[in-house]
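Got a structure for you, questions after.
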Amino acid sequence: MRRDELTALLEKVRRGAVAPRVAARAIADAPLESLGFATLDHQRALRVGFPEVVFGQGKTSEQLTAIVARLFEKNGVVLATRVEPEVLADLRRAFPAAEFHERARALVLRRRRARAAGRVLVVCAGTSDLPVAEEALVTARAMGSRAELIADVGVAGLHRLLAHGRRLREARVVVVVAGLEGALPSVVGGLVDRPVIAVPTSVGYGAHFRGLAPLLAMLNSCAAGVTVVNVDNGFGAGYAAHLINTSGSRR
Amino acid sequence: MRRDELTALLEKVRRGAVAPRVAARAIADAPLESLGFATLDHQRALRVGFPEVVFGQGKTSEQLTAIVARLFEKNGVVLATRVEPEVLADLRRAFPAAEFHERARALVLRRRRARAAGRVLVVCAGTSDLPVAEEALVTARAMGSRAELIADVGVAGLHRLLAHGRRLREARVVVVVAGLEGALPSVVGGLVDRPVIAVPTSVGYGAHFRGLAPLLAMLNSCAAGVTVVNVDNGFGAGYAAHLINTSGSRR
Amino acid sequence: MRRDELTALLEKVRRGAVAPRVAARAIADAPLESLGFATLDHQRALRVGFPEVVFGQGKTSEQLTAIVARLFEKNGVVLATRVEPEVLADLRRAFPAAEFHERARALVLRRRRARAAGRVLVVCAGTSDLPVAEEALVTARAMGSRAELIADVGVAGLHRLLAHGRRLREARVVVVVAGLEGALPSVVGGLVDRPVIAVPTSVGYGAHFRGLAPLLAMLNSCAAGVTVVNVDNGFGAGYAAHLINTSGSRR
Amino acid sequence: MRRDELTALLEKVRRGAVAPRVAARAIADAPLESLGFATLDHQRALRVGFPEVVFGQGKTSEQLTAIVARLFEKNGVVLATRVEPEVLADLRRAFPAAEFHERARALVLRRRRARAAGRVLVVCAGTSDLPVAEEALVTARAMGSRAELIADVGVAGLHRLLAHGRRLREARVVVVVAGLEGALPSVVGGLVDRPVIAVPTSVGYGAHFRGLAPLLAMLNSCAAGVTVVNVDNGFGAGYAAHLINTSGSRR
Amino acid sequence: MRRDELTALLEKVRRGAVAPRVAARAIADAPLESLGFATLDHQRALRVGFPEVVFGQGKTSEQLTAIVARLFEKNGVVLATRVEPEVLADLRRAFPAAEFHERARALVLRRRRARAAGRVLVVCAGTSDLPVAEEALVTARAMGSRAELIADVGVAGLHRLLAHGRRLREARVVVVVAGLEGALPSVVGGLVDRPVIAVPTSVGYGAHFRGLAPLLAMLNSCAAGVTVVNVDNGFGAGYAAHLINTSGSRR
Amino acid sequence: MRRDELTALLEKVRRGAVAPRVAARAIADAPLESLGFATLDHQRALRVGFPEVVFGQGKTSEQLTAIVARLFEKNGVVLATRVEPEVLADLRRAFPAAEFHERARALVLRRRRARAAGRVLVVCAGTSDLPVAEEALVTARAMGSRAELIADVGVAGLHRLLAHGRRLREARVVVVVAGLEGALPSVVGGLVDRPVIAVPTSVGYGAHFRGLAPLLAMLNSCAAGVTVVNVDNGFGAGYAAHLINTSGSRR
Amino acid sequence: MRRDELTALLEKVRRGAVAPRVAARAIADAPLESLGFATLDHQRALRVGFPEVVFGQGKTSEQLTAIVARLFEKNGVVLATRVEPEVLADLRRAFPAAEFHERARALVLRRRRARAAGRVLVVCAGTSDLPVAEEALVTARAMGSRAELIADVGVAGLHRLLAHGRRLREARVVVVVAGLEGALPSVVGGLVDRPVIAVPTSVGYGAHFRGLAPLLAMLNSCAAGVTVVNVDNGFGAGYAAHLINTSGSRR
Amino acid sequence: MRRDELTALLEKVRRGAVAPRVAARAIADAPLESLGFATLDHQRALRVGFPEVVFGQGKTSEQLTAIVARLFEKNGVVLATRVEPEVLADLRRAFPAAEFHERARALVLRRRRARAAGRVLVVCAGTSDLPVAEEALVTARAMGSRAELIADVGVAGLHRLLAHGRRLREARVVVVVAGLEGALPSVVGGLVDRPVIAVPTSVGYGAHFRGLAPLLAMLNSCAAGVTVVNVDNGFGAGYAAHLINTSGSRR
């Protein structure tokens, strides 16, 4: 039952064409969610300034072109992640105005530049972790956060991290991306008093078990304030970081 | 918004005291589920003839006594599972009219005997698996199914199972309970053309990993028609078996 | 010992050519199963209306063509699952009258349309889960069940599921297919009073461990009445659903 | 090298008593962190308004009494978690002015009431998950957040959760605590546009593996914006929730 | 259908009271296994010289006393394993003539001494592995094998093992019991040309995972001819060793 | 120190050219094993009638050709396993007199036919398990055992297995190969009184975990006398079966 | 064959009483290891200055008293680890001259003080890790290493660790003990150019899996030069550290 | 703040241009690590005689050529590991003077030959483990250790290992590389009194789980003095071996 149908029903009630008791049952029996949830869903897009994000994996160039075009027309902004390289090349031809992030396998298309708010800091342990870190970066920026990257500051060379003390302290939320033993979020969590989102990556071999090692490490971090997302889930971390970054400024 | 509140609102619409557009928004913004879901929930109890089942684990005698009394008063029938032995003894004093199933750690209290329908057969590999098998049996019976038990028919002595061919073929659904290697459901599944619900038990040691071995075995059964529940979950198997057993005869 | 051999032996007993005691030992020592089990197996095909299902994985076009032809001749109906795409193309040429389900990788060939009975509902969380859902759907239909699909109703957008309340309540058994966190069976199980068969899929990455995450979730479902099959086992779910769907109407 | 020592050294440089080159080496060789990190650490306590949290597990009444007394004297506020019941009883005698949270096994002692800011909402699937939920609640409140609890809103009875739509939408961050299949964070994450912190609990049995099942489920949540903490880590969730809740309002 | 029933039926056939075709169907429809399997089962006891072994775990003194008495009366020999210490004490009073093996938690009661055949050698890595080794030893002996033990010959002190070269070479089958890293079966397997049965034990800690480490090691042994049983399964190893030891000498 | 070197040294002792004390030290310090173990190793080849088996995986055609030629020249018999198909084709050209087992990926080259002794029976659950079963078969035969195969007798159709009762009872050792749930060894173990070697295969999907499911099942078999080898290790099973088969007849 | 027996045999060779060929065979057939390995074993005790270490777990006071007394008499030094508290109390009465380390559950008894050599540094993340750290410390010291402890320097407060830069750089080998996420070895490994032995502890909960999390983290350390021992294996780390510490100074 | 900047600041203090208190704050606020850690890092390269090692995996020929050239120019020595075969071919053209280790996938380029010190012994169980063993060998040699290899001395043929007793005893540290069951380190650890570094390899199949089996075995070694590195981590073992080998001789 769409809202116009509901209003029409209520008009009938007002005119006496339908008895209140009969209308009450009709409303109660209607698919409940069609009253409000679509609205709520719509409100979500308005508030966050962001529609559904496109998960590119397994989709063809044709499918993605169509989806991106439709979402762009409707919302004025589109984020697509995990787009295969060859598909990315096709999209580049279809949407020359879009930003393309090759390493992050992501595309952002927008009508007007977002007014970047707050400050998300993405910190990355090794160069191999960069694709995941950039996915987080691109996601947070696409949603409207000001976001920056500090790369290659693994714990075996602490001075590289410590050199960025000021930037660490100025962030409103820090995303920490690390493979291997996944120790970086604990070290960062001990240096800042902001929420830290830890992202384990599948970078490693042997007893790494494709990300299990850093995932467990991060879940057991001795630093309070660290929360964790799935292995290689840069998108999820960037999304949550944006929500945190803007949580205080939204009503 | 309860249904009487909704009716009251609609009365105001009819009287012209509230404009249809305003009422439409109020309805859309109301907690949607309070219109219908409570009703739906109530219908569920009516249809299945069974209210919420009490999970006894971790509850005191006082708590359980109160809960059982209240549910009995409201529904006329109560099933409590995983009741600790000493608590069961206390309940026995409080509800002398109830059935007590010590090995299954369960209690059934009902106003009038259920009319047993269909036929659920519970088959059990070893004597150590009996508590789980009986939990399934008691659950199916408490909900209104006719249910029987065949015990101690492990696969290392096939003739014990084969001797029950007729009973196997007469069941409408078979619950098969097994620990160790969990092979029995495959053998039973090959003998009958009815749904088989497999229940792995934690009976075993070493590379059994508290039920993981038979759980994996049952999930990989070469016999089609076998579905699986959690380790030691006799209750869940009995519940599903009752739903299956009566699925055809309910509207 | 085939039944004609047994009859011949008994003729000799009747003629006095063999002493009863000698015949008794001969019967007891014979491979027991050759008396009855083949028959039982045959009865199975008659009752279920369905012969052995062909598991296509790893079979060549020639092998499958031969098997399908022979089974069709004998039984008038064939279901083949997990057929590789290129093999499916070959089979299409060999059996132009068959139904082909590309996404489900299945083929159904039948002499006459089955009279669809009961109602199996297959519910599917994401579009990536569709191949598994369709395998369940095709299986249930091939065996003779009326079966329908509701697609793309993941738990992160509940209103999409709730919009199908009526169809959920009209099913006799519901198959719920989900990857990622596998939460959908719990939600569906809370809405219906029918058996729910949960199918975890391998759709996911990282700590998903190729289906382990939703498999464990489904085994621990807080909704009673949920049973589980192996990861990506749409065939097994459809098969069990058909057995449940028709369990009440068969003798 | 404390800052007064550094100043003294610099005085000597100014007086010409020490050559700049010599002083430079002395400073470079000094334990670097004693210059600034202690300060930073001190700033941390000032900013967050909160000193080190006491992990009570394995500590005796005497130890805890001493630690709590010292921290209270220095900071005016103390939070102790995972305090064993009998130790809690002893602490109650020692600190009659403190708040005691039995189920959460926590103690809070403060000089003056914190001015509660923002809004943390803790949502809890089952009654067995309450101790973990309350640990999150107590932690967030002790640190200065306004925090509320919605209990017993498991996914198998969605209407119970949907009834709290308004409170869900008013929170700045939502902590979702769930055992069994851990599906609740996905459902909540689909209803709100705020950060969701998921806490798996060890409530379950069999293939639950003491919290592994909901942990994996939450890491694979189909709802964006969900981050995860360790099994039963209510403290960690409450701590992160406070940081998020106040992240926007701190400079 | 018992054999006397079958004979009676055949008598009727001979007398012409029952037609052969009718009798054939009756036999085919009878529970098949009751004709032959009990016999086969009986032959098994005769051949192996051993009835069902009693698994003592979880059984009371009363239960075990009754079972042992009955089996002894029927078969003249009884083996009970995994008997709890206090129960063992009770049995000692009831069966003063039995052998009691405290460390192996086993009891053997026999009418006349078995004529020990062949040679089973049980080799054991550490003193903590002795209970499992002795369970294997007692089992093999109870069944009628000549069996010997070499204890405490771990791989970190190879000379202890090498000193027993002659005994190793004289065995017909070797049972090797080891905890920790489970390396001993590989070393023994390289020294002998006889079947080696490897028994991992739960002796270890940390990354031992209660026997998983030696279990995996043994399954991956670089020495051909090594087969493996479950963790701590001394009984199973002794049983298989006896079968192997006597396999050549039985018909 | 080779034996001729030792003899030479002793000659010097006899001639008085070397003092006994000096010779004693030289002997004690020599690599001990070169005295006797090489001999022992040689004896092993003589007794078992079989030299080192060639593990073909990862070896080139050139390497394998050279190894096979050398071993054949020295021992008159060669077994090579896990030979890649294309390499097998090359070997076929190099050794036209050899037996080639394509499905088992094995080659046997021998000067004269082995006199087959005893009886090894290989039983196989499904057609997909055949390559592993044939590897066991080929290995046992190459080493000198009489060996036979019963294929496709899975537990979901027990009658197929039961029809082979006589062959099962005539074997001296039974190798049982099964994937999926791995239930077959338990059923066979309950029918025979001979050693059973269980071989799990990687045939399955999802919660099969590439053979973990049947491996755990077999380790937890309720039938005594069952021992287990690694997943897909047909070679190891055939090797152990040969040792068992001939254990009684060798001195 | 003891060395005196060998010399006697060689005397006979020299006298012509035994032919060289006969003697050669006798030597080759003798249990080889009795010539040299016992000697080697004896040399080991002399070199390391340390006999077999006593593993106290599961041993009674009487057993331990006897073992310690005998080893002390023979070697003048004894180390016993994992001694239960009550047993430790008994040993204290029996050996008043011994050192007792309660937290490390260890006892050291020596005739004269070892001359401490080199420098082993044990670093420990949290106070709960102290028992394991002290076991390493006591072991290294008992064997003759100079060894020191730095406690409570977890990675979430880096300044505590950095304050000890000089001591870190002066060590010849560093043992790093950590539970939770096990990040400390990576940080230490990045600060020193000495071998680092990492010891994961079982301190943690939930997804810690009793030490699995830090074990995996340490095995995947991004700092080169880090090797790992079993969970809670302070003894093994201290033992290896002593070997490393003195490896250069021994011949 | 570089050291020249610090000296310049101190000059200003000396001239009175900056007050000591102001300078003290500037120093405290500066990125602390830039004072000393870079220096320390530089010292590290000088002491170990070795700069950062290049991890070749995933790097292109162009990238590696550039990195190797730059590091060689700066340090006079470069080690690159895990270089893909085709990249290695390109590097061969670019650096004809370098050593290339194909099996170890490593490259070493140095200005002058290192003076080999101490003695590292690398022992390897099977020929398939050679690539990992050689990576350890090349790494230790590149860093300046004298290093040797003993190959193919698996535990199933102990005499092959025992023949190398002298070389084992002359090593200062032993690296033991083994796949399958990983038993070799325990055997070696029992023969020598030097540190043993165990390297599990991924050589195996089935229940080997890509190296998990030998990894667990090595962590549970019954020989004291054994430490472990990640699966296939020959580089890490060689690096640690060099540190141990030279630990005594460095100051």
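Letters A, B, C, D, E, F, G and H mark the chains as written, and numbering starts fresh at 1 in each.
The criterion applied here is as follows: a residue touches a chain if its C-beta (ideal position, glycine included) is under 8 Å from a C-beta of that chain, and two chains touch if they have at least 3 such contacts.
Quantities reported herein were computed from a predicted structural model and do not represent experimental measurements.
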Every chain in contact with both chain A and chain H is listed here as D, G
When C-F and C-E are ranked by contacting C-beta pairs, first place goes to C-E
Separation of the C-alpha centres, chain A versus chain E, in whole Å, is 60
Distance between the CA centroids of chain A and chain B (whole Å) is 40
Here the gap between chain A and chain G, centre to centre from mean Cα coordinates and rounded to Å, is 50
Multi-partner residues in chain G (2 or more other chains touched) are 32-33, 37, 40, 157-158, 191, 206-208, 212, 215, 219-220, 230
Chains touch one another in the pairs A-B, A-C, A-D, A-G, A-H, B-C, B-D, B-E, B-F, C-D, C-E, C-F, D-G, D-H, E-F, E-G, E-H, F-G, F-H, G-H
Residue set of chain G touching chain D in the complex reads 128, 157-160, 162-166, 205-208
Chain G partner, complex, touching residues on chain D are 31-34, 37-38, 40-41, 58, 200, 202, 210-212, 215, 230-233
Within the complex, chain C is touched by chain B residues 40, 44, 47-48, 53, 118, 172-173, 191, 193-195, 197, 215, 219-220, 224-230, 235-237, 239-240, 243-249
In the complex, chain C touches chain E at residues 3, 6-7, 10-11, 13-14, 16, 20-21, 23-24, 27-30, 32-33, 35-37, 39
Touching chain A in the complex, chain G uses residues 125-126, 154-158, 180-183, 186-187, 189-191, 204, 206-209, 212-214, 216-223
